[in-house]
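Chain nomenclature is as follows: A, B, C and D, assigned in order of appearance, with residue numbering initiated at 1 for each chain independently.
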Amino acid sequence: MPRAAVIPKPNSAVEIRQVPEPQLEPDSALFEVELSEVCGTDVYLQQGRLQGVPYPLVPGHVSIGHLSKIRGSIRDVDGRELREGDRVTFLDVHRTCNACWYCLVAKATTRCPHRKVYGITYGLDDGLCGGWAEQIYLKPGTRCILCVSDAETFMAGGCALPTALHAVERGGISIADTVLVLGSGPVGISSIILALMRGALRVFCIGAPDLRLDVASEVGAAGVLNFEKHDERGRLEWLLERTGGRGADVTIEATGAPDAVVQAMRFTRDAGRVVVVGQYTDHGPVSSRAAFNPHLDLNKKQLDVRGCWGSDFSHFYRAVQIVSDPNRSKPWAALQSKLSHYKLAQANEALADVAAGRVLKALIHPR
Amino acid sequence: MPRAAVIPKPNSAVEIRQVPEPQLEPDSALFEVELSEVCGTDVYLQQGRLQGVPYPLVPGHVSIGHLSKIRGSIRDVDGRELREGDRVTFLDVHRTCNACWYCLVAKATTRCPHRKVYGITYGLDDGLCGGWAEQIYLKPGTRCILCVSDAETFMAGGCALPTALHAVERGGISIADTVLVLGSGPVGISSIILALMRGALRVFCIGAPDLRLDVASEVGAAGVLNFEKHDERGRLEWLLERTGGRGADVTIEATGAPDAVVQAMRFTRDAGRVVVVGQYTDHGPVSSRAAFNPHLDLNKKQLDVRGCWGSDFSHFYRAVQIVSDPNRSKPWAALQSKLSHYKLAQANEALADVAAGRVLKALIHPR
Amino acid sequence: MPRAAVIPKPNSAVEIRQVPEPQLEPDSALFEVELSEVCGTDVYLQQGRLQGVPYPLVPGHVSIGHLSKIRGSIRDVDGRELREGDRVTFLDVHRTCNACWYCLVAKATTRCPHRKVYGITYGLDDGLCGGWAEQIYLKPGTRCILCVSDAETFMAGGCALPTALHAVERGGISIADTVLVLGSGPVGISSIILALMRGALRVFCIGAPDLRLDVASEVGAAGVLNFEKHDERGRLEWLLERTGGRGADVTIEATGAPDAVVQAMRFTRDAGRVVVVGQYTDHGPVSSRAAFNPHLDLNKKQLDVRGCWGSDFSHFYRAVQIVSDPNRSKPWAALQSKLSHYKLAQANEALADVAAGRVLKALIHPR
Amino acid sequence: MPRAAVIPKPNSAVEIRQVPEPQLEPDSALFEVELSEVCGTDVYLQQGRLQGVPYPLVPGHVSIGHLSKIRGSIRDVDGRELREGDRVTFLDVHRTCNACWYCLVAKATTRCPHRKVYGITYGLDDGLCGGWAEQIYLKPGTRCILCVSDAETFMAGGCALPTALHAVERGGISIADTVLVLGSGPVGISSIILALMRGALRVFCIGAPDLRLDVASEVGAAGVLNFEKHDERGRLEWLLERTGGRGADVTIEATGAPDAVVQAMRFTRDAGRVVVVGQYTDHGPVSSRAAFNPHLDLNKKQLDVRGCWGSDFSHFYRAVQIVSDPNRSKPWAALQSKLSHYKLAQANEALADVAAGRVLKALIHPR
């Protein structure tokens, strides 16, 4: 019986349980987990801050491993039949229905109401559906991709990479643009790398703590600022000095703080673009201190402000292509030494370290 | 000496003055005003609520009339040389420089810092540059368009028409979309007409007072709601009932009220678009009552929120094409009976009526 | 046993056969055909000019009727469960897989290699899958839409309406643009209507014969020209006279003649758009007489030339919304008197009339 | 009196002449040429293959040097006043009018009919307006940019860099896309570099001769093929093997050969994009051997084919930003050793070497 780390209910510590080995439906598979990750969302899951989440649940939405057992047939997007033993990863989003108004008319598949996410909206009652476990049950229709990448390089991107890729795509960066990234967590770091990959001339980062800003600089940020040491006015002046007084062409907000969304508008030049990708958890409304002024902050500036929710298969697929390429994957490969490693039994410690911002990225090794 | 209605300084009543007939520079002209308009911005000008405005000034940014005197040569975009006697209108925006970073690199000409606007940012010291006068001095480089339209039909659109056209263009409406227009002033009314012209299946309008909502219905709105009679929850329910529970595909905010920007996001379906075009004057920040929540209102919805500032020549040109066409101009022609007419000497009365929302649109007849 | 009109093999006359009533799989249905259509593709099917088509086959890809028998559950995109007796139509394209590279990475579902089309690439061996029959077997996953439209109004649009909608969408028409439609068959006629619905100021049509050009004028074309009476130079002069010497902003090629694609480029103004939607059947290469010159016809003009294949569910859905709306459907409703009606037994006559261009649109009444 | 290399008339050898030093109009300047370039267009100029070119003329459209004399004021897009002694380059396109229909309504400034190009459509009668001279007369309104780049690195990009940047921008490359570049001349080489800068995972190049293909590999092409050694079928097989049988996501045609435009369509995957940027000179129509089939090559593939003419200031500005950046400019800096250098008196030799494809890029050193 495989072991799994389970959040039994909101605000409870993770427990290690042994769960029955899944019975395979036709066209499903067993996936042996090599590595899974701990992301900020997992902290909120443990704190019970996400709505509509079924407890008990096994966290871990992005994982890498291999297929140990296949019943029926599983194919990748190129139509290749996958085999037992294949090294793969899979899109955490499952059951995007291709039958509803959002999928078929709006073509906004990230807003399909039937979407389920492994490790987040699939609970233990749905099967062994999270990565903090020795095995994951891959239900029929799970989108698998063969993955030749080094496991730790892949996990250095983790779930942040496709999310950042979606954000960067939404940002409409042009060659030689100046980009500002707010936030220096995993999504921020991958956004810096990808904005440069997209042709930005310079990428600035405002975040914290210094440990993470050092990483931002290492992956190529042209300048970093610790927001804890400067008030909003100071941050704005810092940025304007570096952008000819205009602000960034594109700002990617990846912070989690509601007020940062308003500041992102102010940091962006007129007729620029702001991508809001950091508001995955409900932290309540913008404060009155933020003083969001639609005339000055939005209308007169002729800004585009673009919400960006999750990612779809195309982002995940492109992320895997990148991270599997010896050259393109280098920035993430260089992050390997910054990763923190935990066994299944250390899941609570991993959560605590991520919650405190003590680590750049925590990985779970279930075996 | 031509007569002009002048706002001498903020919060002062309009005065009628006689001003010297302009001396023409090369490639400039005298324009005899047939009709000019009173728009909401003129009310704010009189109240001193716009920044960077030079007093004394002659209001009136969109006007129709004819060229009475030309020095040198004035050509339209087709290269035709205009002649004395030609019936024309002209773009109120002047001196978009085609030489700065915003014009040439960002291609965001509405944000060119050298732009000047007849009747708003040109004061009396710059010459006779507003439409509430018998004559306007058309400086070199003013963009004129021959206009065969009926004068009152043209003015029924007025400055609101190109503004609404810009907003509708930014909205990215698809054929058979559902559009919500917030606000039933001139920009709102033209937005309804243009959203239908763009292929929207149904356009709803939330505004006030009933007088204007009747106009909204007459120009084709499929449903109207008086926002003064329903709280935000009531308005949202009303809209969701009419949109399969999803909200509008595209919402055009044309109200002037800061909180309406937040509500516009809530009225729009996931992955839809919100165009913010109603925040021309600084009415301060969004209230804490609005409770703008970036997670719920923007990120998770994957919304596009698009500021829309003024209009450029293309919008004005297209607006004139439409209003000069016997068929396309019908909705504005039908508004003629709703227009209110004032002589130059009645300018204060006109401002008061517009400020109070007593009239749909006020026109100044300087002769 | 339901009767069906069958093309037994290429270049053979249609035969009426009695076929066994389908056995329903779970979540499938029987559809009683009220009306089906005869389109140009059906002529080519009978002539054996399409590749990869399985004979014998029952033609008829777009039909309207009602569900007489449902096994399991069939839902529309809004999640409503359909019931026996419901009046519906359905997207002829079936089995767009949502699992391949084209569906998931390129997001080009019209190029999904697993697509099947009722009445074209489903043959009789696949079941009763064409509309020239008393019944159609709706396989699981068929996309149905409730349809309140008058049957003949719906069929006046027929398969041409979503195709034209896709083309018009690809054309990127702006308000007040001038559009040229090449071809006056069903796709051309619907393109005229939809280009106007999209805000075009004027739509011109070059086609033949005069019978169809009369229809083009009736639905709103500002000018029509019979291409059989003017050579290419004459047509170009005619158009340039009407477009200030520039050509059309957007040209929609809906002819079927390879050389028309090259002419479409010449009829379009610099930096305009050409949508190629009329080349559904392989008529071989462009002739040397067409003299396609990439320097003059494409590069120097900075044209966008956009191929447009079939349509996806969104186009079909929007088409049904339009044709179900009392106001928006008027242009198609007005075509009812131009429709030609045939019984199942008259299918060969219908094909001959369509092939000869003697009718605007032929409809099959299987009952 | 400055010396200049002059093409006296079509098909005549270049002559060195001494021309009077220009008299400066207000807001104009003298530019001392450090380096100018010889591009393929110059070969065609000498052969008299461009229409509307005024002879005698001084070739050389992109140059780098410094301002030796300013009359009045010259500012860059940031509003900085330039001074005598400043190291600058300037956009070869002059007099984009900002007043015509193409500039103001279509926003297609590369198609403004008033554009003039230094070294191409300005002849000697217009003043000293080409770069193969000791001095250039910068007319009022010429768009100058301060340039800190190494002169040879800048010229390694030369006029090809903004042209390629425009093409790559038109191509809509996504992160991890596969790009095919047809042609290995200067535009092809810069397109490879820029496609990679834009996030392409792999860029392939089909061109000739091997000398240039070696350069393509050195700047990062993942694979190169000499088109002279493989027929069209062989080239297609080569590409399909490397693209999972689908073809390139984006193809940039930069060859000059009309038939390559048709092949570009075939080398591109369904629903991909083809940018046609290599057809700057009229080489006549596509051959019948090319067998352009609109059904197979365009409509059924749902391709986007995009003509791309010249470049505008934004492309030139971004190009200068890139080439002035120590990191981004590396690929061009690495080409320095491949540049061939000529004195003014060797201009005929330079033209001959370029015409024969013996050199990658020829530079003129007028001093």
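Couple of notes before you dig in:
We adopt the following convention: a residue touches a chain if its C-beta (ideal position, glycine included) is under 8 Å from a C-beta of that chain, and two chains touch if they have at least 3 such contacts.
Just so you know, these numbers come straight off a predicted model, no measurement behind them.
The interface with the greater count of contacting C-beta pairs, when C-D is set against A-C, is C-D.
One finds 40 Å separating the Cα centroids of chain A and chain D.
In this assembly, the C-alpha centroid of chain A lies 42 Å from the C-alpha centroid of chain C.
The multi-chain contact residues of chain D, meaning those touching 2 or more other chains, are 78, 101, 244, 317-318. If you sketch which chains touch which, every chain touches every other chain without exception. Residues of chain A touching chain C in their complex: 75, 77-79, 96, 98-101, 104-105, 107, 141, 143, 312-314, 317-318. Taken together, the chain B residues at the contact with chain A in this complex read 101-102, 106, 108, 110-111, 244, 246, 249, 258, 261, 269-272, 276-286, 288, 291-296, 298-309. Across the complex, chain A is touched by residues 78, 165, 168-169, 174-176, 194, 197-199, 201, 244, 317-319, 321-322, 325, 328 of chain D.
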